[in-house]
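Here come two complexes built around chain A, the first alongside chain B, the second alongside chain C.
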Partner chain A sequence: MAIVADTRGNSAFASMSYWRVSGIGYAVPALLLLLAFFVLPVLALLLRSVLEPEPGLGNYAALLGSTTYLRIFLNTFLVSAVVTVLSVVIGFPVAWTLAIMPRRWAAVVFAVILLSMWTNLLARTYAWMVLLQRTGFINRTLINLGVIDQPLALVNNLTGVTIGMTYIMLPFVILPLRGVIKAIDPAIPQAASVCGATRWQCLTRILIPLALPGVAAGALMVFVMSLGYFVTPALLGGTSNMMLAEMIAQFVQSLVNWGMGGAAAFVLLVVTLAIYALQLRLFGVGRLGQQGN
Partner chain B sequence: MLLDFDRLGWWKWMLVSITALVTLFLLLPIIFIAALSFGSSQWLIFPPPGWTLRWYEDLFADPRWLQSAWVSAKVAGAVTILSVVLGLLASLSLTRGRFRGREALRALFITPMILPVVVLAVALYAFFLRIGLSGTFVGFVLAHLVLALPFSIISISNALEGFDKSIEDAAILCGASPWEARLRVTLPAISHGLFAAAVFSFLVSWDEVVVAIFMASPTLQTLPVKIWTTLRQDLTPVIAAASTLLVLLTVGLMLLSLLVRKALKR
Partner chain C sequence: MRRAIILAAFAAVLGLPAAASAADLVFTSWGGTTQDAQKAAWADKFAGQSGINVLQDGPTDYGKIKAMVEAGSTTWDVVDVEGDYAVQAGKAGLLEPLDFTIIDKSRLDPRFVTDHSVGSFYYSFVIGCAKDAVGACPKTWADLFDTAKFPGKRAFYKWSAPGVIEAALLADGVAADKLYPLDLDRAFKKLDTIKGDIVWWTSGAQSQQLLASAEAPFGSFWNGRLTALAQTGVNVETSWDQNITAADSLVVPKGSKNKEAAMKFIALATSAEGQKDIAVATGYAPTNLDSPALMDEAVRKTLPDAQTASQINADMNYWAENRDAIGERWYAWQAQ
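Showing the complex of A and B:
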């Protein structure tokens, strides 16, 4: 002890408290990075939406006053809502099974989910473009089976976007929901069935209500991610079925209209933040850490 | 009994079939592109009429594919290093610091992950045009770093929260300097978090499309941008070949992280 104190010219305890990270110091490099290359650019873009071409709310009026743009908003909300419902309805039984099935099988399903999540987004979207096209595997199989006579239009429309997006969003429902269901005490449904509840009653009155926070959190997350999704709608939706993110990109890249682009980005930003605020209100900060992009 | 797999009765088989179908659904596109990349049909007919390596030859014959892959690797490498270093420092501050606004700071650090990427892409595009970073290597790295940092901070913060600080204090009491204690005691103890941060950061940058589309110039583009521009022209099987190689890389990374995690747990 004396040696330690000597070499530092201070007591070990004092030097410890001196070195203990007490302040914001170590966070400064990351903070500066975010201020310069995240906060500042986003604020600048929002400013342009009220300053260009002339100061005022003209861009917002144009955005919300035109049926073309309103249709894009409507498309975006509609597709996001359908994708959310599909992901939850399909994802719930899978998450449930994954939570209770024997470990070895669960590991296989888990590996497939992770593989699909980690596979390059463009590679997955490309696969769906090929699978869903008029002469693609799905149409040919359905025709060969005699289910349909004419190929279905599955791509370059909102059907294609919905299928592709559901594929991408499913893991984001399954993984957190599995955790929520795993955390439910098996004795609770057990007790209900001992007391005479049918399986169906157990499901609708016990399992689903207990899993509801997980369902709601997953659903909100999928909905908000879908609202701002760019790649998959742009590739599977075709030119006539634009969604919000692609519209923002178009304003900036093709039309070089920064005012309108900024206004549309601001609308998306406000809706996104509002939904996250709702999620925080409902479920607290804990869940935010589980999100992917 | 709903949570006891063996006492579900016929519900068990219903659940198992749904799960099997969904697993197939998740696997289908991946198997499909792998098969098509070896198929001889230009029009991507499945099952392929014959087998060929032509698309892989085309892929490697076009120097732009390799160049863009190399750009991607360099950007992702730089992002990984910076993201882990900045993430570690920020996490130290977030988990051990006692200052006002810590929770607000944490929220700010996570925000780039939850905001729609297209907003950041458009905003950075405008900003980089103005300061001359658009279409540059530095621009790519900075943009991807903003997106990767939240993943790094979450992974490392989680690891730090699970680490008992008093072990580090003990090392200091035993005569280690504070930095020595951090490097030789704390860092090894949170190495799984650092590794996860590195893997996530690399993947975020390597797979990132939206920001990259805006950032790319004719002379500097990443692999996802190359795939994107090719996809917008036609659905050539060369993309299937490129995608298959990417899937193999993903599988490789998954196995690697599994092995590393096992090794670190020992």
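Showing the complex of A and C:
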């Protein structure tokens, strides 16, 4: 929104139509693509959820009336929330370090982060499985060092899912955060310390508030991605903490019950949009997309 | 110049679907070592004999089959599916009837033949054990459900399919001939007693990994995967006591544009030779009754069809009828 307002205020562009200035024309191909390959299929699935096996809201009643499915919903939100918090807590210092590092070293760390993102997801998840299992590297090392006598249950449960997903989601926090932190004027914290602020005050009262839009953007991305995550929970989780995407996949692929699958997918979509709307309310679209300034 | 590049890009995009032209046959299976074996034993030979190119796709996805048939754009010509699904999908009108003038069913194991499907291979759920990791190996389903006598994690197949529920009932003392209709309440009650000790495997490869690393030193496995694991040098013990058989089937989804070629492909796949080759390569049993005679005795005796003494056949018709109801209950129980 800020961009539109600025451009309109400039006399050279004042005569241009809102249409051209806002650039919607350039977005038409992308919008058409989304319409054809996202909006229409989602609507088709939504239709199935109220038409199959018979017309009505039976699927939604079955979904929301069953304690099992509610537990899966709850678990999905719990895992997503924990992963989001951990990603931010771990990602913030990394983004910070990246922003203040000498350029050459930052490039190396950046490459490492990007490379891990570009490595095949399944390969990374299997690697975690091998590391975390009872007879895996971590447990063996801890036992050999005498730290524990019995192997820790690190996989096929909530712990495994959390570790695996946090690892995968970290770059999605670090990348937007780094942009925001880099754009903070170094003179501001300097001025603060000149005025007698302690390091801690500098961090909590200057740097963290200024970085907040980046935190919000990264956290939203991670939370929403986690809600619909499939591969990692399927491989590192146990059945008693199944996530929604796994349940949808079972309905669609294995039970071939598209009505229920559609209903579950639609509930997830509505919740996701609601969270997005809340975030817009709190932070505004301009600040969300902004990289600093 | 730039326009030419853009045009070429468009042509490339539009040309992609044409890559699987009507003349090519698309074979879909579950991936992994099994599909590799199917390609070598069936697809490559079929291509050599008929001149028809066979494309591999996968993994098998029942949602996709339904979507293709409903949309009237079936791109899979021959699909390897689970036996109970084949019965159910045949009744639901999702499959082409097979042409038994091309496919010779006279020598096929009748347990695995329907109007819409023939057995692709058959396998047994058996009790596997990593001998080096434990003092004693469970020999029966009752042993495998006995956590006092055999403490530790046990591996079971995660998806709702014939095998685990049968094992639970057998372990609980149900007589083999009284298994069907399945007493689900009793089965889940028995499964509850070991629920915390189960590690679920989702794919054959994962089951091998669990056993080889002794993450789960015993459990219920597909026999072929144990054979393959033993060949890599892992000390595996297989108990065939009350092994539970189930079959995969070959089917042709409704609306296949290569029906005749698909029938010929299935004819080759289920021939004595085709079934012998797949059995030797995978450790699963042939569905052609003439295949065993073509095999080495050493290989023969490792296959499920040599283990019929206390064998239990999972009832595909029962499962086809109750697949959805059992599935929903199964996943709800797992998630509890």
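Assume the second predicted complex is superposed on the first by the 236 of 293 C-alpha atoms of A that agree within 3 Å, B and C clash if a C-alpha of one lies under 4 Å from a C-alpha of the other, contacts with A are read in each partner's own complex, and residues count from 1 in each chain.
One rule holds in what follows: contacts are C-beta pairs under 8 Å (C-beta built on N, C-alpha and C of every residue); 3 or more make two chains touch, one makes a residue touch a chain.
Since we're looking at a predicted model, the values are computed, not measured.
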When the two structures are overlaid on chain A, which partner does A:157 contact: first (chain B), second (chain C), both, or neither? neither
When the two structures are overlaid on chain A, which partner does A:250 contact: first (chain B), second (chain C), both, or neither? second
Chain C versus chain B, contacts on chain A by residue: B
Scan A:235 for contacts with chain B and chain C and give back first, second, both or neither. both
Tell me which partner A:258 touches in the superposition: chain B (first), chain C (second), both or neither. both
For A:72 in the superposed arrangement: first (chain B), second (chain C), both or neither? second
Name the contact category of A:133: first (chain B only), second (chain C only), both, or neither. both
Touching both chain C and chain B, counted on chain A across the two superposed complexes: 129-130, 133, 135-136, 235, 252-253, 258
For the chain B and chain A complex, residues of the former touching the latter: 1-5, 9, 11, 14-16, 18-19, 22-23, 25-30, 32-33, 36, 43-46, 86-87, 89-90, 92-94, 96-99, 103, 105, 107-127, 142-143, 145-147, 149, 153-154, 158, 169, 172-173, 175, 178, 203-204, 207, 209-210, 213-214, 224, 227-228, 231, 235, 239-240, 242-243, 246-247, 250-251, 253-254
Chain A contacts chain C in the complex at 66, 68, 71-72, 129-130, 133-136, 156, 234-235, 238-240, 242, 247, 250, 252-258
Per the touch rule above, chain A residues touching chain B in the complex are 3-4, 7, 12, 15-16, 19-27, 29-31, 33-34, 37-42, 44-45, 48, 90, 93-94, 96-102, 108-109, 111-116, 118-131, 133, 135-137, 140, 167, 170-171, 181, 184, 186, 189-190, 193, 199, 202-203, 206-207, 224, 227-231, 235, 245, 248-249, 252-253, 258, 261-262, 265, 268-269, 272, 276, 285, 288-289, 291, 293
Can you list the chain C residues touching chain A in their complex? 61-64, 66, 153, 158-160, 199-200, 202, 209, 213-215, 324, 327-328, 331-332, 334-336
